[in-house]
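Next, two complexes with chain A in common: one pairs it with chain B, the other with chain C.
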Partner chain A sequence: MRRLLALLLFALLAVPLAAQEEQSTAPYAYRQLDDPRQEDAAQALMESLRCLQCQGQSIADSDAPIAGSMRSLVRERIAAGEQPEAIRAWLIERYGDYVSYAPRVTSLTWPLFALPLVLIALAALLLRRRFTRRDGA
Partner chain B sequence: MIAEFGLAALWLAAALAALQLIAGALALTPRGAALAGVVRPVAVVQGLLALAAFGALILVFAETDLSVKLVAMNSHSMKPLIFKIAGAWGNHEGSMLLWVTVMGMAGGFVALVEKRLPEPTMLATLAGQAFVSLGFYAFLLIASNPFERLSPAPPEGNGLNPLLQDLGLAFHPPTLYLGYVGLSVAFSFAIGALVTRQVGPAFARAMRPWVLAAWIFLTVGITAGSYWAYYELGWGGWWFWDPVENASLMPWLAATALLHSCGVLAARNALRAWTVMLGVVAFSMSMIGTFLVRSGILTSVHAFAVDPERGSFILALLAINIGGALTLFGLRAATVTEGERFRPVSREGALVLNNVMLSAILGIVLFGTLYPLLAEAMGAKVSVGPPYFNPMSAIFFVPMLVVLAVGPLLRWRRDTFARVRKRLALPLLAVLAGIAIVLAIGDVAVLPFLGLVLAAGLAVASVLPLRDRNLRRTPLPVWGMVLAHFGIAVALFGMASESAFSVEKLVAVRTGETTRVGPWAIRLMAVEPVAGPNWTALEAQMLARYQDGRGTELRPQSRSFWTPPQQTSESALLTRWNGQLYAVLGGEATDGRWQLRLWWKPFVPMIWLGGLLIALGGVLALAGRTASDIRRLVARDKIAYRRTRQGR
Partner chain C sequence: MTEQTRKTSRWTIWLPLALFAAFVVLVLIGLFRPAGRDVASTLIGKPLPAFDLPPALPERPGLASTAFGKGQPRLLNIFASWCIPCRVEAPQLDRLKRMGVPIDAISVRDRPEDLRGFLAQNGDPFQSIGADDDGKVQLALGSSGVPETYVIDGKGTIRYQHIGEIRPEHLPLILEKLKEAGR
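So, the complex of A and B:
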């Protein structure tokens, strides 16, 4: 019984404290933009930005404080009329390519974009060889 | 005591694996033929010993023996028993023990029941299985001993990550591992067939049930993992192309391709080399996935470089196993002919296209997953995520779906489009109707649009193979195929609908206030503290009404665990036939209001329903194949029995 009491006390005291220190207090971290079109654009951008403190999460699905402030930043800039890609470019300039889940075509990343072409060529070659050799059937 | 017993069992199992390898290899030579009888029993006992070791680990976790280092690091006395047990495989060492256990059991099972192949091929197969197992036994015993003791024993353990304290996740890894490691059987069969040069329909028929079983587990495992991420992480995402997710998808893609090429080899004796190659590739993907997840390389290449023991060990295993298998393939490929010929427009042709597309998607996923690691090794950090994977895989996925609609209607060897054109009118109609409906709704992005429309066409096309058939006499594998293909349409519809039509609402409300999301009106009744066995929580009571109908109560929680201290959101879900309401309680905002995250996700459960249908299709196919195999075996035994009696 004493243990239960201690538990309840712990529950009452500890939870609100913990909850407060974890949440981001940036104005638009947990608040949507009033214009649904702007909010959709912000949402699409947020889903393609990495939360730098988390493991494999976008800023759209994280409770980490930095994700909250970045969400707020994205929403504020979208509301101010900035283009999503301009915001992405600004963030990349600040945090590096790592922050964006949409790789740009650069001298480092071009193989990623060449791969589908290579695969298509390979597939075409394979299928051609498969079907144009001496027809034994 | 139990820990030492487990360790002893593990060493014995490893020794038997060595015996199995040597005896199997020697039995293939003329002088070692006498050893042939040893191999199968040894394989069975090896599997049982591995199982005993795994049982011992579960026991020490169940009774929280803190003098075992692994338990002290990952468990805690105040944890529900089910999560104590699940904690046994919720860590590196335990999961690797699970890996060798499944591998040993699979090898033992094959040794016990597989009688269809010529004995030399079986010996080579079991030797191959032992070779791969031996590597993983060495890894466990040298670099990740799960039974290591800790002295003095700490008074209390570190606890298990609260996110993992969930029933869904407790059984997710074993399911996935059954799939991953089940593919080792296909790998070993491929090795066995290459060694004895016996690649043909009999080989494919023997391999197919094992591939099918592994594939079913993988399908269920991926589906369950996706649902777990969806409800447990509290943000409603179900797939993020995360490297860990990709690690489970890659073996599935390879196994799916293998399953289909096995079918061609079994039915038509074609695609021999390709099928063997896929057998090697599928399990290689399992091993690469394990390397990615288990080496710590995903967190950071640098962390990996600092403590490289385990990672390098797995990397070496990878190099030996995959490199060895590919070398063997290269040596023997010239003697394995492609087999029977066929025209491009034929069932085989469609299946070849399916295989090529699946392989291409596999290539995209593999490269996209590994590239950030390559880049980091070259000194630059990049991220590759959904904006890359979605369109790139769609390039190959969309044509594959078209082939999937047409392929099952084609005849083997040669056919013409003219013959099937009429039948395709119906799915085409469904596609057009889909286009009209989606255009009427309006404002849907390209990929979800394609997904919705193709799902409509595929749903109709997938059942067409049943037309003109006597349904009572339709063999189970055909039902299985139809069901699995229909499942793909269902899952695709769910995915596209989720990304096209989801509605999100973030609000801060006082108790007593009502807010709206999509067709729902949601009233926050109260927020109260509650306590569980090892957590406390704030629980919101909400009343949700669909289109102002009757109210249903929802109770999302914000939980605080104290060992280790961590907060999780327990979302509350309300499922209707046409979608799911998803509610999360956030923190307390200023002036007594509470943050709520609400989503209305139309038809989202279809994603996992589709996944389960796909797996169920696999189960039907497996049941049908096994039943006919057993019938064939019984008939063969009868004939043999009559012959011996007549001989007398």
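So, the complex of A and C:
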């Protein structure tokens, strides 16, 4: 029993081998910008950029080292006075639309934007016909 | 109701079920054949972005983009000592080196002492290794992980990006891409 307890204690204290993982020296991976307005702009942009490693997360949420690099890139460029949309465009140029959570209207995506309007128009038409029929009855 | 309208309504009654079935088929296709999760660089066919990286090891040269585009195609390997698949591709890189393919490398978010151990253990096929400590050059290249290998042609244009480790069965593909880039 005592041996088991000791073993459990060791298990708790054991440093996982994987902890000797990659280190990011990107300066702003985990540091906010001093200017709160700039940090707000950076935060808003980071929440709408996809982490390339854990692809369901934004880079603001992800702890993946590459997300840290991306955060630092965003913050440093915002601090240097670059517009958020220019930074997004720079990333899209390299990774394609997938890196951004903000959808763009392109030759491929326009049906997604057009379809709701078509459906609303169709619904309006149907409703109007139904109501006018009732009026006539 | 006339005969004609009765016929059309009989046909349309199956429409929602057909739509639903089509939707189920779509979901099943997505479940059993999920889309790839690789994020490919969209810089293929474009010039290699300019960069100038310090040496990853003090006794070795660093890597600048000016090393490419000097008439001969080269491989640019993105790797790191903490990356386990990078160990898997090391023998293949070694074979490419022995075939006379020039290979340069960028080590991402690495430490010199770890890197030294990695090269001692897995071989060192690289002419020069640049240290990308904050991962900025990796992002500039449109690389989304390690290992990745770019084929850069003699004019400095990115011709191919291999995502993930180069396995033995990928060697013919890499050589083919190098040949294409050399044309």
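Criterion: the second predicted complex is superposed on the first by the 109 of 137 C-alpha atoms of A that agree within 3 Å, B and C clash if a C-alpha of one lies under 4 Å from a C-alpha of the other, contacts with A are read in each partner's own complex, and residues count from 1 in each chain.
Just so we're on the same page, contacts are C-beta pairs under 8 Å (C-beta built on N, C-alpha and C of every residue); 3 or more make two chains touch, one makes a residue touch a chain.
The shown structure was predicted, so the numbers you read here are calculated from the model rather than taken from an experiment.
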Touched partner set for A:A41, first chain B, second chain C, both or neither: neither
Touched partner set for A:V74, first chain B, second chain C, both or neither: neither
Touched partner set for A:Y98, first chain B, second chain C, both or neither: both
Contacts of A:Q55 with chain B and chain C, given as first, second, both or neither: both
Chain B versus chain C, judged by how many residues of chain A each one touches: B
Contacts of A:L33 with chain B and chain C, given as first, second, both or neither: neither
Contacts of A:F131 with chain B and chain C, given as first, second, both or neither: first
Overlapping contact positions on chain A, where the chain C interface meets the chain B interface: 20, 22-23, 55, 96, 98-99
Touching residues on chain C, where the partner in the complex is chain A: 37, 39-43, 80, 82-83, 108-111, 114, 133-136, 138-142, 144-145
Residue ranges of chain A touching chain B (in the complex, touch as defined): 7-8, 10-12, 14-16, 18-20, 22-23, 30-32, 43, 47-48, 50, 55-58, 60-63, 96-103, 108-109, 111-112, 115-116, 119-120, 123, 126-127, 130-131, 135-137
Residue ranges of chain B in contact with chain A within the complex: 233-237, 240, 242-244, 298-299, 340-344, 349, 352-353, 356-357, 360, 363-364, 367-368, 371, 375, 378, 380-388, 392, 395-396, 413-414, 504-506, 508, 529-531, 536-538, 558, 560, 562, 565, 567, 569, 586-589, 595, 597
Chain C contact footprint on chain A (complex, rising order): 20-27, 52-53, 55, 65-66, 68-70, 72-73, 91-96, 98-99
